[in-house]
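Here the chain labels run A, B, C, D and E in written order, and each chain numbers its own residues starting at 1.
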Amino acid sequence: MLKKLITGALTAAVAITASINAAQAEDELFIPMLSYRTGPFAGGGIPFANGFHDYLEMLNARDGGIGGAKVVLEECETAYNAQKGVECYEATKGKGALVYNPLSTGITLQLIPKAPVDEIPVLSMGYGLSAAGVGETFPWTFTYPTSYWSQMSSILKYIDQNGGLKGKKIGFIYLDAGYGREPIPLLEQLAPEMGFELAMFPVAGKEMQAQSAQWLNVRKERPDWMIMWGWGAMNATAIKEAAKIRFPMDRFIGNWWSSAHADLVPVGETGKGYIGANFSGIGTDFPAIQDIIKYVVEAGNSQADPSTVGNVLYNRGVYNAVIVAEAISAAQKMTGKKSISGADMRMGLENFVLDQARLGELGLAGFTGDLKGDCVDHEGGGSVFFQQWNGSDFVKISDPIAPMADVVKPLLEEAAAAYKADKPEWQGQTCG
Amino acid sequence: MSGIFYDVLADPFLQMWQMPDFFIQVLWEGFVSGILYALIALGFVLIFKASGIFNFAQGIMVVFSGLTLVGLHALGVPAFVALIITLGVMYVLAYLVERLVLRNLVNQPDIILFMATIGLTNILIGGGQWIFGGETKSMITAELMIPTGSSVWEPGGGIVIFQHIDIAAALIAAMLIVGLALFFSKTKVGRALRAVADDHQASLSVGISLNQIWVITWFAAGIVALVAGIMWGARSDVSFSLQIIALKALPVLVLGGFTSVPGAIVGGLIIGIGEKLFEIYWGPLFGSGVEGWFAYVIALVFLLFRPQGLFGEKIIERV
Amino acid sequence: MKDTTQGYVAEDGRHIGGVMMEMKNITLRFGGVVAITDVSFDIREGEIRAIIGPNGAGKSSMLNVINGFYHPQEGEVWFRGKKRPSMPPYEIAEQGIARTFQNIALFKGMTTIENVMTGRQLMMKKNFLWQLLRLGPALDEEVKHRRRCEEIIDFLEIQAIRNTPVGSLPYGLQKRVELARALAMEPKLLLLDEPMAGMNVEEKEDMSRFILDVNDQYGTTIALIEHDMSVVMDLADRVVVLDYGKQLADGTPDEVQKNQAVIDAYLGVEH
Amino acid sequence: MFYREAGQFKTSYKQYMQAFPIREDRIGIAIWLAIALFYVPFFGLPGLEYTFAMNAIMIPVVIFTITAIGLNILVGFTGQISLGTGAFMGVGAYACYKLTTYFPDVNIIIIILASGFVSAAVGAMFGLPSLRIKGFYLVVATLAAQFFLEWCFIRVEWLYNYNPSGAIEVPQREVFGLIVTGAAAEPATRYLMVLGFLILLTIIAGNLVRGRVGRGWMMIRDMDIAAELIGVRPLRTKLSAFAVSSYYCGVSGALMVFVWLGAAEVESFDVNHSFLYLFMVIFGGLGSITGSYMGAAFIWTFPILMKEMGKRLFDIDPIIMENVSLVAIGALIVFILIKEPHGLARLWQLVKQKLRIWPFAH
Amino acid sequence: METGKYADIALQSIPAYLRHNAKRLGDAPAFREKEFGVWQTWTWSQVEKIVTDFALGLMDIGVKEGDFVAIIGRNRPALYWSMMSVQMVGAVPVPLYQDAVAEEMGYVLGHCGARFVIADDQEQVDKVLEIQGNLPDLQQMIYIDPRGLRKYDHSKLHHFKSMQETGSLASEEAKAELERRIAELNFDTVCVMLYTSGTTGRPKGVVLSNRNIVISSLNSCKFDNLTDKEEILSYLPIAWVGDFIFSFGQAAVVGLRVNCPESRETVSADLREIGPSYYFAPPRIFEAMLTAVVLRIEDTGAFKQRLYKYFMDHASKVGGPLLDGKSVGFWDRLKYRLGEFFIYAPLKNTLGLSRVRVGYTAGEAIGPEIFDFFRSLGINLKQLYGQTEASVFITVQPDGEVRSDTVGIPAPDTEVRIGENGEVYYRSPGAFVEYYKNPESTAETKDGEGWVATGDAGFIEEGTGHLRIIDRAKDVGKLSNGAMFAPKYVENKLKFFPNILEAVVFGAGRDHCVAFINIDLNAVGNWAERNNIAYSSYQELSGHPKVLDMVQEHVETVNRSVAEDAMLAGCQIHRFLVLHKELDADDGEMTRTRKVRRKIIGEKFGDLVSALYDGSQQIYTETEVTYEDGRKGKITATLEIRDAALANANSALAAE
């Protein structure tokens, strides 16, 4: 028994050695994929990872990669756990990683300081540290297409547009963690400015499936609108509880991590009318998604359940991959090399252009708003649109609503300055 | 100072008085979650009574049984057939646990057995995710003919909403408890189980081996877990994060005593109602979200004054 | 009965001193159950005192009262001329009372020498800081007490098992280690709870010899409870007989053996 | 086989009471130390990519070894089960963060050592109930600590300097001109720093458990009533165990965030981590400092090994391997409890015993 | 302080050397004893102080010059010191065997008229008290260990410690008196009187002078280059001349470090701890060690057994030559190194022989395979030939000339010659003064020119000059056909088989030889277990046909080997039986040093002997035995008698 174990362990050690030391082959684009298909948030992690993976695989299958170089994906399971995230980072960064998509705010926070040291950019798309949108302070971190604060401002704008904000009571139910608490400063600042009243309903991470107390409080407070910053199993539970207290669903808005199929399908009819923010297209009616189905899903190279292709989070994964792919090809063009480095990738991320024309070329016309890489603005200033659950699927109900850049920007800069304050080594950094 | 006294001692009661319908609603919600806590605690008690094992895996058994049921249904198995197969799975689990774990750990200190159940927890989490995937699943409520909908009671202009599913949960829990009580007092096996709690030798005279009794108790705990899994799943989907909520059965046990079935029920209700009241009426003083620890701290305070629980006997130390 | 106010000369010529501990009208109840009813006796300096009685006579409870582990509902315990208040067990240990247990209460995770060293715990005073450095005074203290423990190990002839985990020792040796641990406390009063229970004749003889040697060498006052009367008669200077929590007799072994109540209740029933 | 004990006789108790009375053990330790101090920082682990070996294996293993020693003091040596380890580490980490904020110029090593005291105080406070409650009831008490502290880490914004991300982010700090915290710190520097802490804390733990304090703990563990009758004050003894244990956890928590992770949210201190540390202790061996080393190394590296093994050898999806290693760790825990409740440390001891009497079997 | 060298100044007494050592070696360890878990250590200066104080104490209780002081007990520093103190005050120490029964002790104490006894503990005190009625000369007793003696009448009983204290408070006059007595010690003063147990008759008191002891010790130390760095373990009886020379004579003269075990049960553990560099053991101890090694190896797994066998085979090939400094091929040396790491060194370590620089065995012939086994491991084990009367050394094997079948060349300053009857004679500075109160025996043994008869028969090998011993001279008899009968020689060959514990060969005055065999319960028992042979008692095992078959094979092998030597070919064993009981010193069948008492056995088992000669196939017999507690009982058995095949090849030569 023991002998077998030892032999096994030795073989494994040898294997690790062999694999890690394997020289990076010529003309390959190595992209580590930190995903989480296990743990409490796996429900959201799985479709996103599938979308990301399938788009890049589709490029490999259809176009032979990006700019003639094959994309090599290495998936590493983080279980949404910061410690495992470090392990994944260390396991992959030596292999010529171009960019990290940490897919977890906790891991992002750890990678931000490492990025300038290791010269590998971090792309935290729609999560992570909002302040990282300030390119001068965070030259290696990107939060395209937009930040939580921008999103919150767009949501408030939407509410304002649909019945006005002034004098209303806005309830904010959120996951009681860094992620959920992030928009609070913005809300607290805007409440007096825009004249609405604020009520907070924190949901502890481990209590996220027992929210009756929060919703009793909601009933007590009687807010006019509810905004949710939830994740994982919290979302569906919240919608059910809302239905229980007969809170009007069309006054209940979830942010982009709280309005996915994974959240609403379990709720079904009950959630009819629920509104969600989003920045990536829904459905499979895009040529590129069709290509994914054709080249990847049907070829059996996807882990995705075919019925989930085109879902909110799947498409968001696709969008993430699109940004990565566009940045790569931008970098390839600028350097003239097929195979690029992390520093090149940063250049690409600062210079790609993803306008409607380009989206059309990609087969994603109308998939999302314009996005342009920029050295100073790592947030991208992207807008969100709103979608509504009709009982079985999401329907887009608004055009993209631009964020209140004038409000958000100073907040971002303030936060960036605070971040930098106790980091002497960050003082000299700037973009470009 | 008077502000604090007012906030703590007067205002909450004032609120209760002013909004009686809401107060009733809070009590009801507390009652229902108390029932669910009690159900999970009941599983602990069954096993602790029969074998002295503190089964840390009870929480994950709730999740695992729920996942099995939903997973089977997703494969196209009709709901009630799936239910029966799930029961079978829980029996197999009980059997394997007895065979592979308990039998080999006879006469080990309690702490070793406790740690083994933590290991078991890991196995069930990994195995569950492996087989069923990590996504949140919705309970097949309708298929199991569990009523959804709700009824509204409007006492004096107020409004109290009763979810049918909660009523069902309370009823099923009550039936389960009555059933277990009958099982323990009226059947031979049940009596043997009670005997084993008092005296391992005595149980042998009933003609049932200790090993069989372990299988039966673990199976019974599995059934209770399945019921808890269904009810909880129906209220808020089946996901692995339920496992941590299930830990709340621990303070319930502390209150009720590790060996007392009525204790588990009463403890569950005290915790369920207590934490709702505290969260709603006193929680804002702490910035809300106190449910995560309130039950534990209450249990802790309680322990300091009555270490044997509400229904436990006073422990006399002997040397 | 001998005059016991001023001490007396034992049968083997030893001089027994004045009263060390006195139990005055002790009554102990557990809930509704009365374990001891109105028992009074004393223990004198340098004496070997036995408490005997059939099973369930309340001997162990009595020992636990002497030991301070149980607090009697009625009656007083006087120790060295002072009435002893109710106090936690560790304070009683600080007063110089050590004991062994009927169902061996050794520290199973430790070796023999470690177990014996635990007896010195109270005498070791060096503070935490020295302990974590384990230098200077802390080490010297450790060495000093180690030496003393080794002497006790030598005295009880358990050198060969010095480094053996006590859990793996045979019963008789465990009893001896327990005695060693109690001796390491250098007690003024040593309480032995059925020291010879479960032993064969040879082991009993050894244990008797050790008990006498302890009393002889260290002058320790010993109170022991024992179920087997014959053993006690050779060992003890004076014997208290309990039955159903009541005191039947108190006196020298000879006196007790002639006492009709004892013969009826104890010997008559048992033999 | 390697032992040459003939002639190694002891003429004083001091010689007997050394940490390693056998010369060959001392040589063995010296070799391990030499490897740890002079090989690993420069070459990592053989066959592994250097920064991976350092950042993903060696540094966390060293840090978790400190945790495991701390937890072992409580669980293994004093017999008090705790599921609050993660939170006590958090106390150390947040304390360290606050202290660096208030005393930015004080040497970070002193700050880390000091933050352990905060953790020790909190630990002792939550240890108070242990006087009255035992066994499983104590599990509930420590869970109360865990959940209450987790809540504090989120809710008391002061703890993370009102940072909107809710996380603590580690400032860069230097010791003797070397950067030791922050992303710019060299892996070797960080590793040597945590190793220094580990060595210091191991020596202290070894000293404590061999002396009066440790004996008191073990007495309480093995038979608390007898211990009390011998004169051990249960409260003082248990609280000292809680305090020392929490000190270790606190220091390791501070190291984990400051030297390893670089930033942390409450999630890094949650109850699942408490389980992980308990596994390390069980697996390595209750009541053994060596075992803490082995347990931490094993529990931390095993899933990594499994994942890599599955991926490279059998092309198994890492997600499956993640679950497989969960199951495997659970099964191994059960297995080791059945076969050798004293863990790897006891196995190691048996091997050592075999080597001592080599070529004989017994 | 000059250490690391042996002293070569010849001082005239042990006390003088003690003083010399205290000056020369001062703080170097002199004695250690394991007590209270650690090796308590005394330096030479501490020892000198203790010895002097105790000597003063002895004077205080009236010890006079020329008094005999008996010393009884196990190996303890205090007893060695007592001997030194006794010598200091001009008295003669008489060490006694601690396991002697009271009456044996009584004879010796009476014979020398001991006025004082220094006893180890309660047990020895009790023995002397038991017989003190018959000892009119006995005046005072001193004990070392006070345990259990507190209540004894102390009018004639003293504690070593308290006497030491008395001594330390002694008056200046007393001190001066002591100095005077020490100054008067010279080479001719009696150093010690040792009683030889002897195979027959009453023990004789061998008087050895300071010259005997000091010169012998000095010479032997020089011979083996022993220095004050050597560690020795004193575990052999203090009354035996070997221990007296090693732990007392040599120790004092050179400054060896004497280590005394904690108790008799812990000797082997203590041996392992100390790891002596100079080690003496009689053959039976080496034999026991080898047996234990073989048995313990059999308990190991297949791999270790193979490894062991592989390397031991290699060792038996090159180990000896390497030790003798002969040239060995590179690969063989390399392989030996490997073996050293895997097997030899760990083995020596577990046996406690890792550090042995010089090892001796003597007293009896050692089995060649036992001897070679230890030498092949790289242990410098040698043989010597000696006796009490010679202060041990007669012949010694020098390094590089070591063989199992000789006992070496004459020791320094020793002359050896062979008498006409084959008996070995020697003349040396160690040769004893006289047998106390026994001029007759003295005259029989030692002639006017100083030649001493050893009582052993032997011859000096041509070419090498090594002495070979055949047997006790008086045991070497003649068969009825006139051929040489050397039973010991044959017995030893038989005993070299691990399965055979003892053998007794008869044949003097008969036409052929027969033998009694004692099996070794350990070895044969193990063998039986492996071969699934069930047995419930020693008797049953010894009578088992398969055991008999095995023994027969051994006997026949011996016959072949005996037949090779023309002179001894007649000693082949024709018939044998396996005894149903172990020969035992308690039954008088052996000496305390475990030497067979042939005559007594022959008488006691007369029925068996005659059966061996009358051709019967089996015999029923009853035997009286003494149990451990002293009770006597009878055992009965029917023994099978076997015929052994004879090798005839060379016997014709003998007949010529």
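In the analysis below, a contact is a pair of C-beta atoms (placed from the backbone, for glycine too) under 8 Å apart; a residue touches a chain by one contact, two chains touch by 3 or more.
Since this is a predicted model, take the numbers as computed values, not measurements.
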Chains contacting each of chain A and chain B, listed by label: D
Distance in touch steps, counted as few as possible, from chain A out to chain C: 2
Nearest-to-centre chain - CA centroid comparison: D
Interface with more contacting C-beta pairs, comparing C-E to B-D: B-D
Rounded Å distance, chain D centre to chain E centre (Cα mean): 57
Rounded Å distance, chain A centre to chain D centre (Cα mean): 35
Centre-to-centre distance between chain C and chain B (centres being mean Cα positions), rounded to whole Å: 49
Separation of chain A from chain E, taking each centre as the mean of its C-alpha atoms, in whole Å: 89
Per-residue multi-chain contacts in chain A, two or more chains: 37-38, 176, 204-206
Of all residues in chain C, the ones touching two or more other chains: 69, 101, 105, 146-147, 150
Multi-chain contact sites of chain D, meaning residues that touch two or more partners: 12-13, 16, 147, 151, 154-155, 225-226, 229, 271, 322-323, 326
Touch list for chain D against partner chain C, complex: 12-14, 16-17, 204, 207-208, 210-213, 215-216, 218-219, 221-223, 225-234, 240, 287
Chain D residues touching chain B - in the complex, by the definition given at the top: 79, 81, 129, 132-133, 135-137, 139-141, 143-144, 147-148, 150-151, 154-155, 225-226, 229, 271, 275, 278-279, 282, 320, 322-334, 337-338, 341
Chain C residues within the chain D interface of the complex: 67, 69, 88-90, 92-94, 98-99, 101, 105-110, 114, 117-119, 121-122, 124, 126, 128, 131-134, 138-139, 141-143, 146-147, 150, 181, 185
Complex interface listing, chain D residues touching chain A: 46-52, 54-56, 60, 101, 104, 147, 151, 154-155, 163-167, 169-172, 182-184, 260-268, 270-271, 273, 304-309, 311-313, 317-319, 321-323, 326
Touching residues (chain side chain B, partner chain A) in the complex: 19, 22, 25-26, 29, 32-33, 129, 133-138, 150, 161, 163, 232, 235-237, 239-242, 244-245, 275-276, 279-280, 283, 287-289, 291-292
